[in-house]
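What follows is a group of structures, each given as structure tokens.
There are two complexes below, and they share chain A, which is joined by chain B in the first and by chain C in the second.
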Partner chain A sequence: MQTNHHKERLYKILVIGDLGVGKTSIIKRYVHHNFSPNYRATIGVDFALKVLNWDQETVRLQLWDIAGQERFGNMTRVYYREAMGAFIVFDVTRPASFEAVTKWKEDLDSKLTLTNGKHVATVLLANKCDQGRDVLTNNGIKMEQFCQENGFVGWYETSAKENINIDEAANCLVKHIIASEKDMLQSEVSDTITPQLEKDKGGTCSSCFRSQ
Partner chain B sequence: MKCRRVWGWGNSPDTLSYLESASLMSGTLESLSGLGEDGSSVGSDSEINGLTIRRTDKYGFLGGSQYSEGGEKDIRVEVARQREIKWIDMFNNWDKWVKHRFQKVKLRCRKGIPSSLRAKAWQLLSNSQELLEANRGKFEELEREQGEAKWLDIIEKDLHRQFPFHEMFAARGGHGQQDLYRILKAYTIYRPDEGYCQAQAPVAAVLLMHMPAEQAFWCLVQICEKYLPGYYSAGLEAIQLDGEIFFSLLRRTCPMAYRHLKKFKIDPILYMTEWFMCIFSRTLPWSCVLRVWDMFFCEGVKIVFRVGLVLLKQMLGSVDKLRELQGMYETMERLRNISPDTIREDLLVQEVGISSSNMYTSKICFCFDSWTRVMSHLSCCDRSSNLHFLCLPHPPTFFPI
Partner chain C sequence: MESNINAAWPQTCDNDGERTDPYGFVRPHDFESYKEMMNEYVAVLNRRSIRWSKLLQEKPHVEKNLTVKRYVRKGVPNEHRARIWMAASGAQEQLESSPGHYQSLLTMEHDAKLKETIHTDMHRTFPDNVLFRSKAEPSLQRALYNVLLAYGCHNKAVGYCQGMNFIAGYLILITKDEEKSFWLLDALLGRILPDYYSAAMMGLRTDQEVLGELVKAKAPAVGQLMAQYPGIWTLVVSRWFICLYIDILPIETVLRIWDCLFYEGSKVLFRVALTLIIHHQPEILRARSLPEVCDCFKQITCGTFTLDCHTFMQKIFTEPGSLSMATIDKLREKCRQRILDEESGQP
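Take a look at the complex of A and B:
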């Protein structure tokens, strides 16, 4: 259906973490290059698209901004589907939001795996770093250790307000996503044919109204 | 600023004249004369997203996507006055009207409740006034209690994130945000088993735009318990089930939209969660929000379903429209940011109002299908705790259909 004239990659990226840690602000900063203290609380899920040039290719990042309140966690399975990477965000001024990071990571890993069985690349963001540093994030070695133990590919101190490290964090994530994609291709056994039904040939004829 | 709030006009309804209602609009504007050219009375929030805003629209919005440009036509003065008189007459004999002439009440709600009488009408339609009278002092009592820290913490984080472009809620720690805190907190004490759900805040804020905290509280109670039971509860099962029901109704009412959403694997909870849980208050142009709420208070949850179906039909219901939406993201973008130009208040209300008895019948049929499915899924769970599912998609029982 889609003919690619030049190479283009599309990745779905999740942005998760406790409520009020700044997920929406990070996305707005990254995509729209601005910051406002007046964003509405996210209810359910929101979306944004970021287009990047990456080694002469176009990379489209579909950012999924997911409501942070615990009870919306019941819907995360639907939100997570087919994602290739994730940011887990906490607020450096609120230790409880850091404690929730492992809970979010577990939720993510339990509901989402790549076709090769591995977990999706995840970057940890210590947001609101302009508002003073948490004791924990002061200790880089401890944070590195935390990331290794919990399967994060990296971590960044960020500030959506002051535009600190957001591009860097995103680049890190994209790099790991591309690497994991290559890894997935290699791990596929090349001489196996997987028969699949054509999607469009369902009981109802959805191709009838396809545009010419 | 509070001019639009007409409540407690008590025993002498006849004193409410057209003039008073006409002054509502000018009152809103006049109140802005107290607002400096730089919008200083709304504090630092007057500069929102780099825009300096000086004037509110007639609903109190300073800007944002729900700001009304004022292009819409107002109804004629004589018509407005006639409607007010009719409503006041209904108020005076409310029980009789609801009991014997409900179809007429319904029709009048569909035509739109006069803005001067809206608060009173919503309270009567929802029975929240009765609830308040039966529970005099209860709200104060709830307010005196401390509340659970885990809820208060979340509520506080949400206070400045509700209608940040509305004059009532723009100022940090302003009256709007204070009242919002009061009623959301009171609800967590009133229903400790339910606590606080983020989607309750916009609903509570809309109520506060029309009535004082105590009235708004009881109105919120009715919405959470009678109109949309289970929508805000911990597991959010009710909204997910209604999502499935909604999708099934779409298959019958607009197969083209249904097939499109199915093709791109767009699960109903991706777009309808906010629509339904916030009763479209964050989705539609403000004049439409009010009209939808007028019908909702009268007819119940089926209005929410119908509005959703009409929106999907309008956005995804033709080959032309779908041609632009050749992907999941494009489609989601369209559904998440409904352009105010595509929604016409009168058309929306008309479409929603088209009596869809067939639809309703099919809905009931579907309810039984889905109920059976849910029950089989829940076979290992405690069924009794999920019994409320059965009555969910129906209008609240106290509403004549």
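Take a look at the complex of A and C:
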């Protein structure tokens, strides 16, 4: 664990959001590089694995596809445990799915905290951007501000269908997960929290657009 | 009668040259194995069809007795399915005693949230079925929407829960009738299944635990393996129960399970799960991690073992051994209490 050579990292990532926003499609695009308009509604929980090369290290992501219907929450919350990051997804063509974002975030934060007491890194995905931007343009919502106020480390307009920004969003999340892991290790060692790292973490999504 | 079944079994469909089964499902990958299975199964179907016709001629009123039970376990021919399911489940009685109820549910004012949720799942129910495509003429999507909406109004405690879309979809494919599908759905949700679909999903969570207990008793090694992973039963079997094996097992197998479900009740769901698990113990025990266990539970539902529905249905009544309703009732009570205790113990 302590050696930095060829360390393997395994991160559990949750993919949550209202039903029909495209969680499964995003995962399939990211993991299997394809898209089908024919996915069936996800019942319960499913997960997929993705392997990344990251700074000469192997990073394994376990992506948990959690059914969006509220009542499945009773069963699926148990899978929040030990997650290191999350995507919260909404559908840009359906305002209600955006309104639910804060509810999903609050639920996530109330069920899950890192060992240093902080919340897990969460990236907001505005999916189906190929079909319009209604939610983003109509409400006059300043997304950057929304993310800061609600504790998202970044946000992306994505399209699983057209393969827009999926890899970028995942890279952003992984970057923040690794940062928060370092942060956790440090706080374990010195039992203090270094404020500089915090500042770094608060960077908006624009910092994530840069290639790794 | 033989020609009847063969007619219901088109080798290929005209639909843009897509290869579909008799229910309208496109099978681009497994058409050959399905056809092969059906070519053998058709002899069973013909034999059962003749027997059933005779039985129904002698006794048009479907009674519950040992002969009918045996007949049901050997499979209800498709041409009699709607009728037998309706009679055995009490749905027919409900339909006759509440004329106009279904229509009145459709014409009343509907909750906007309910409508939107159902609508979201329309194109995600059976996208691989030509009859459910929005462009199909007539599209069964309309019937599906109506049945789910009516049911959501009829049973407000349940409303709409994902999974019901698949079940209602199958009912529509078999009955080809909205009202009958509605009453069969009501029989399943209201009487046959413990509460799987209401907001707390208590019956479902209980039955997952019950299965865990049964596995501990009947396949202890698997029970031990699963005990290493908290919450794993939900992960591997919640879909089995919520969808009543739709999309988990091949359609012919699912329909045979449903024959028993409507006639005998929910116990058959455990028999199926136990058979799958007990039969594949060596494979399951090779799994070394949570992802491997999950993968394995997906694998064991595929292949000839489950495709060959007639043999599979014989196995479910032998392989798991005896399984009394009293045992299940007792376990349900115990597991339900455990879940409630755990919940009240939580902050």
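Keep this in mind: the second predicted complex is superposed on the first by the 176 of 212 C-alpha atoms of A that agree within 3 Å, B and C clash if a C-alpha of one lies under 4 Å from a C-alpha of the other, contacts with A are read in each partner's own complex, and residues count from 1 in each chain.
In this section, a residue touches a chain if its C-beta (ideal position, glycine included) is under 8 Å from a C-beta of that chain, and two chains touch if they have at least 3 such contacts.
Quantities reported herein were computed from a predicted structural model and do not represent experimental measurements.
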item: Clash or fit, chain B versus chain C on superposed chain A; value: clash
item: Touched chain A residues, chain B compared with chain C; value: B
item: Contacts of A:C147 with chain B and chain C, given as first, second, both or neither; value: neither
item: Chain B versus chain C as contact partner of A:L52, first or second or both or neither; value: neither
item: First (chain B), second (chain C), both or neither touched by A:M184; value: neither
item: Partner chain in contact with A:F72 - chain B first, chain C second, else both or neither; value: both
item: Partner chain in contact with A:L136 - chain B first, chain C second, else both or neither; value: neither
item: Partner chain in contact with A:L19 - chain B first, chain C second, else both or neither; value: both
item: Partner chain in contact with A:I164 - chain B first, chain C second, else both or neither; value: neither
item: Common interface residues of chain A - those touching chain B in one complex and chain C in the other; value: 19-20, 37-41, 43-45, 47, 49, 62, 67, 69, 71-72, 74-75, 78-79
item: Contact set on chain A toward chain C in their complex; value: 19-20, 37-41, 43-45, 47, 49, 62, 67, 69-72, 74-76, 78-79, 96
item: Of all residues in chain A, those that touch chain B in their complex; value: 2, 19-20, 34, 36-41, 43-47, 49, 62, 67, 69, 71-72, 74-75, 78-79, 81, 204, 206, 209, 211
item: Contacting residues of chain C [partner chain A, same complex]; value: 116-117, 120-121, 123-128, 161-163, 165-166, 197-201, 204-205, 230-231, 234-235, 238-239, 242-243, 247, 291, 294
item: Touch list for chain B against partner chain A, complex; value: 45, 48-50, 154, 157-158, 160-165, 170, 197-199, 201-202, 233-237, 240, 255-256, 259, 262-263, 265, 267, 269-270, 273-274, 277-278, 282, 319, 322-323, 326, 329, 332-333, 336
